[in-house]
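All remarks here apply to the structure that follows.
In order of appearance the chains are A, B and C, and numbering begins at 1 in each one.
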Amino acid sequence: MNSSLHSYMPDRADRYFSADPAQRAVARSLFDTVANLPLICPHGHVDPQLFADASHHFGSPAELFLIPDHYVFRMLYSQGIPLEDQGVQPNDWAAGSRVESDHRKIWQTFAENYHLFQGTPTGLWLRDEFHDLFGITEKPTPENAQSLYDRIAERLAAPDFTPRKLYERFQVEALTTTDAATDSLEHHRTIRDSGWSGRIYPTFRPDKVVNDIDQPAWRAQIERLRAVSGIDIGDYASYIHALEARRVFFKEMGATATDHAAETPHTEILSDSEADAIFQRGLSGSASAADARRFTAHMLVEMARMSGEDGLVMQLHPGSIRNHNPSVFRRFGADKGADIPHALDYTRNLKPLLDRFGAHPSLRLILFTLDESTSARELAPLAGHYPILRIGPPWWFYDSINGMRNFFAQVMETAGIYNTIGFNDDTRAFASIPTRHELWRRISCDWLAGLLVQGIIDDEEAFSMAHALAYGLAKKAYRL
Amino acid sequence: MNSSLHSYMPDRADRYFSADPAQRAVARSLFDTVANLPLICPHGHVDPQLFADASHHFGSPAELFLIPDHYVFRMLYSQGIPLEDQGVQPNDWAAGSRVESDHRKIWQTFAENYHLFQGTPTGLWLRDEFHDLFGITEKPTPENAQSLYDRIAERLAAPDFTPRKLYERFQVEALTTTDAATDSLEHHRTIRDSGWSGRIYPTFRPDKVVNDIDQPAWRAQIERLRAVSGIDIGDYASYIHALEARRVFFKEMGATATDHAAETPHTEILSDSEADAIFQRGLSGSASAADARRFTAHMLVEMARMSGEDGLVMQLHPGSIRNHNPSVFRRFGADKGADIPHALDYTRNLKPLLDRFGAHPSLRLILFTLDESTSARELAPLAGHYPILRIGPPWWFYDSINGMRNFFAQVMETAGIYNTIGFNDDTRAFASIPTRHELWRRISCDWLAGLLVQGIIDDEEAFSMAHALAYGLAKKAYRL
Amino acid sequence: MNSSLHSYMPDRADRYFSADPAQRAVARSLFDTVANLPLICPHGHVDPQLFADASHHFGSPAELFLIPDHYVFRMLYSQGIPLEDQGVQPNDWAAGSRVESDHRKIWQTFAENYHLFQGTPTGLWLRDEFHDLFGITEKPTPENAQSLYDRIAERLAAPDFTPRKLYERFQVEALTTTDAATDSLEHHRTIRDSGWSGRIYPTFRPDKVVNDIDQPAWRAQIERLRAVSGIDIGDYASYIHALEARRVFFKEMGATATDHAAETPHTEILSDSEADAIFQRGLSGSASAADARRFTAHMLVEMARMSGEDGLVMQLHPGSIRNHNPSVFRRFGADKGADIPHALDYTRNLKPLLDRFGAHPSLRLILFTLDESTSARELAPLAGHYPILRIGPPWWFYDSINGMRNFFAQVMETAGIYNTIGFNDDTRAFASIPTRHELWRRISCDWLAGLLVQGIIDDEEAFSMAHALAYGLAKKAYRL
């Protein structure tokens, strides 16, 4: 191998910046001013229990890096390595089946397939976490796999390697979780009562009581909503009342936002009697798939109404066909790397909601997309007009260097940066949070550097935009 | 702030070129050969009245830059600043409402929000116009707003700051307006009769007598068409006859092109009796939305037929949902920054038109898009095959540095530059025309420079392609 | 003309690499390690007869470069030069019409319009073939056209300028043709029997016996299938049996893959009785267009089943509206540059096939696209999950520098390179094969160089990825 190429690799401090010397120098100067800003984490999926228990530890290296991370195991699965061999636990009914429980063996399999992550964002996150959290500079190989495992395991067991300590070390300023509308928020209460100074807030996510009204699981969710709210939910009006009560509770517990997934951004306004009729069919188990689509579409508008009233920032991220692989879903459940995007239309679908609330003075609606073709065509023009709209950062499949670069290129010219909201790490993996923010900050500074060296913005603008993208926009957008 | 970044900003003469030193040097050399070519402006929305009155002046700085420019006021609106506060005039019925009439106050609001335009094409146009027309090099700020206003106002009042003088100073070779089929073209006649040497031509735009046959406004338009053509429009045949007569008149007045907007590129061929039946339903107020869609689709084909016969170049730019925000539309009317693109299909929709006229020897059809995903997928393959087709430049939301770069990247490999038509400024803002052409010329030269430094084209090709993109293609495409 | 720009053009050895000096240096080092690897050509349209006849020659320069190449003649056609003037032969019924038969005159027309190919991939291939095969460094011009013709013609007549000699000189390791399911494979047999060492394999392409069951031509194809298989095809079961028999034959003749075109990726599973009912309607000439769509959709799943059983790698490339121009099709037949892409949905359309076979242990399904918007949105997420899926390289309209760069940018982060399959030249033009592979190898090395200079991959990864993209992935994907 011709190792002379090594000299063309940048210093670690300059990684992910453009190779052009001028742009790189500017990117570095900008990044220096934002690298140590506190982290605003307003949208993510970290388990609050991590912080409820002051002495929580993360388990084995495989439990930290592999078993819960669908970015990792779906890549090996795509090359023919069964999920069972990667320690992914099947549902109860399949519990009799063989699952690898030796975490060292799971780690070995990962190391043997580490080349699959070449050039991928997962590869970058893993490498940077190995480096930053564990001081590891070697790539995993079949040969060094077990010794890396030992080094990581030793560090994981250290007394300072708890979520709370890491929260402080990472300089997190605020972190939100995502919580079902029916969640008791007991861990959030424990955290609050503990006197610990970390700011961990819930986010109200009502998908399970709003979507799929034609499914038996929805009725079970309504039962839970009834139990947790103490409201007898017999009709649409009491259902709305229960949801409003839950939002009050979430706000009391620190929530500043809600979060909504849907297969499409379809919105529609039903009359109260239409909504009630569908609701009743849902309760009696006779709702159709069309009922479910219309009810979800209606409830998005209804949630916008509530957000206008109570000030919770509304987030909508449509576009994924969930659980696309039925055999994986049946065997392992949701969130197993088999959610696949499809083409979207925001322009027509959001119109009913925007007709009613597009210029509402206290509503803020943040839109995400999994269909990049909508960014320049629809999202930027919409957010560049409607006062309530902001565009969320590149999300899932696009939370990558190219995804971020495309986002800047496709959105900013038409919408301007002030109609966007900075960064979301959107992760379950708490330990990866600084790595993700650093990638965003590097790529946003490199983008700004590119604008500066082309004479599009000046130095004063570059510094203020870098700060906004790294910190200010997120804090303001989520009212944190 | 670290002002050392200032040294990385290019000289003003090199702005918008790549930062790579070799590419920048080549771009500069190419640009030098096209920077002073005359301007061909074959598609735009300048008011011909500006030139009919030899001593016209532009009004206040707010009237020149802000109040009529939906690029500017929609950006402030998107951040919660009402259109009324920006001096945008509501419709008559709402005339009682409060509208800011103090142009200095409107200007102050603009200056206070100037940061919203960071990194946007509007920001570049404003900056370059301030510099080139008014010698202003400072950015507007709350502090300097009124002194900038004074400086601009003084210059606007100068005797040489008339549209005619600017036309000559800008070296415009020909400029077309866009005019309703029912327009009397009185201003064009005044210009012609005045003996002034400037070439200002009308463009035939029949949208209002062709689209929305199901709306009452259409019947009013037909009434105007009857009045202006002197033809008694009682059926489809006489309607066609009236349109043909108007085209003859437009040609006599110098028109070389027609212009057509539609929500989609749908085309369809109706029999004369079908067309007449829909037409009659239109006249009697009983046409349906489906009638309207089919009639528009049919009339696009019919307009292609007429263009094949009379030689007027046909332009089609589908893809916008007009007046997406009903409360803004009701209150302020059309063209208020609320036209939002949606996904398009040209391949299937244009087939009926192309089946009939795709290789017609004297028809030329120029296609624009607001859905970039169609550029490489549909427009380039279509224009790379059908003799009548040419691809228009990036238009609206894409009339930006990235929009132009994407256009070059997505279209040129498959279509070749000779199936494109150079630049359109497509603007109402006459004073911004040189700025827009300069941006196009800079970005196209930078694109060519990129091809040259990668060994894709040679120097001889680069120079001839630069000339074609800046001047030759537009002149030839529009038969000017 | 300012010829000083010439100094900014790269050495020929560095062509198509980035202009950034560091990236270029790395690209050159990587390319040096793969430039001379053997060529794997697993998907293409070269006529096997070229190799059956050991002393075959290519005819005139016009026959080699122009008359059979729809990339060339469609570009001139798009600018108004009739296909007849370019020597393209009409169908029999139109044989009385005037067609240019003077190959020198056809060549002259080409040379006079050579500028149309500026900046296009066809322009690059022509230039590189002229250089590499004929030692020609001048561009064709009206003046030098005939002398270039002479030089090419002389070389074409040389005894070593046969397909077999070129195959060896090009270092082709394996080359596959594309063959109708009813093909006798006589040329493949002749090649095999000749004792020549070249590896020329057929590919099983059953489109004509699977698609368009509502057309009379389909019935004629079934007749041929009956004849060549010796199976009496009276129902769906015997039809399936005949197809299976043909696949056995193709495998015996060296095939490792099948190839399938379809207008969309729609898949659907019919019961045997439904399939038989449609099949019977096809035989009796009473099938509908809806029948045809469903039958194609079903047969894609059925072909996947067969590939799972016999191990032939399945390729699917949907997305083209074939023969979009009816007058060209009627007059000249298929493959005349008038196949136009349209928007696609893989996520929903492929679900029935993937539900059944997505994790099949011996099935491999390679997906191509003509709609780039699906690459990042659908193909990369699908291939990054399902074990059977791999993504094919940019194909037709995207087999260009930008197409390849987009492919790397859109696909690799989510799918990883190991869910892609390296390069396909996909060409009829045997003499252009090394040129096409060299372009791919240059662009892929330049992409890797870009990753390295940004610190995304290291030198060891770059070298191994370059080898995989140039050689290893294709060989493995096609089981060659």
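By definition in this document, a contact is a pair of C-beta atoms (placed from the backbone, for glycine too) under 8 Å apart; a residue touches a chain by one contact, two chains touch by 3 or more.
Everything numeric in this text was worked out from a predicted model, so none of it was measured.
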Q: Just say which it is for the chain contacts: an open line, a closed ring, a star, complete, or other.
A: complete
Q. Residue numbers at the chain A-chain B interface: does the shared fraction exceed half, giving same, or fall under half, giving different?
A. different
**Q.** Cα-centroid distance, chain A relative to chain B, in whole angstrom
**A.** 40
Q) Where in chain B do residues touch two or more other chains at once? A) 20, 343, 373
(Q) Which residues of chain B touch chain C once you look at their complex with the stated criterion? (A) 20, 22-23, 25-26, 29-30, 33, 343, 345, 347-348, 351, 354-355, 358-359, 361, 373, 376-378, 380-387, 389, 409-410, 412-419, 450-465
Q) Can you name the residues of chain B that touch chain A in the complex? A) 1-6, 8-10, 12, 14-20, 74-75, 77-80, 115-121, 124, 321, 324-327, 337-343, 370-373, 397-398, 400-403
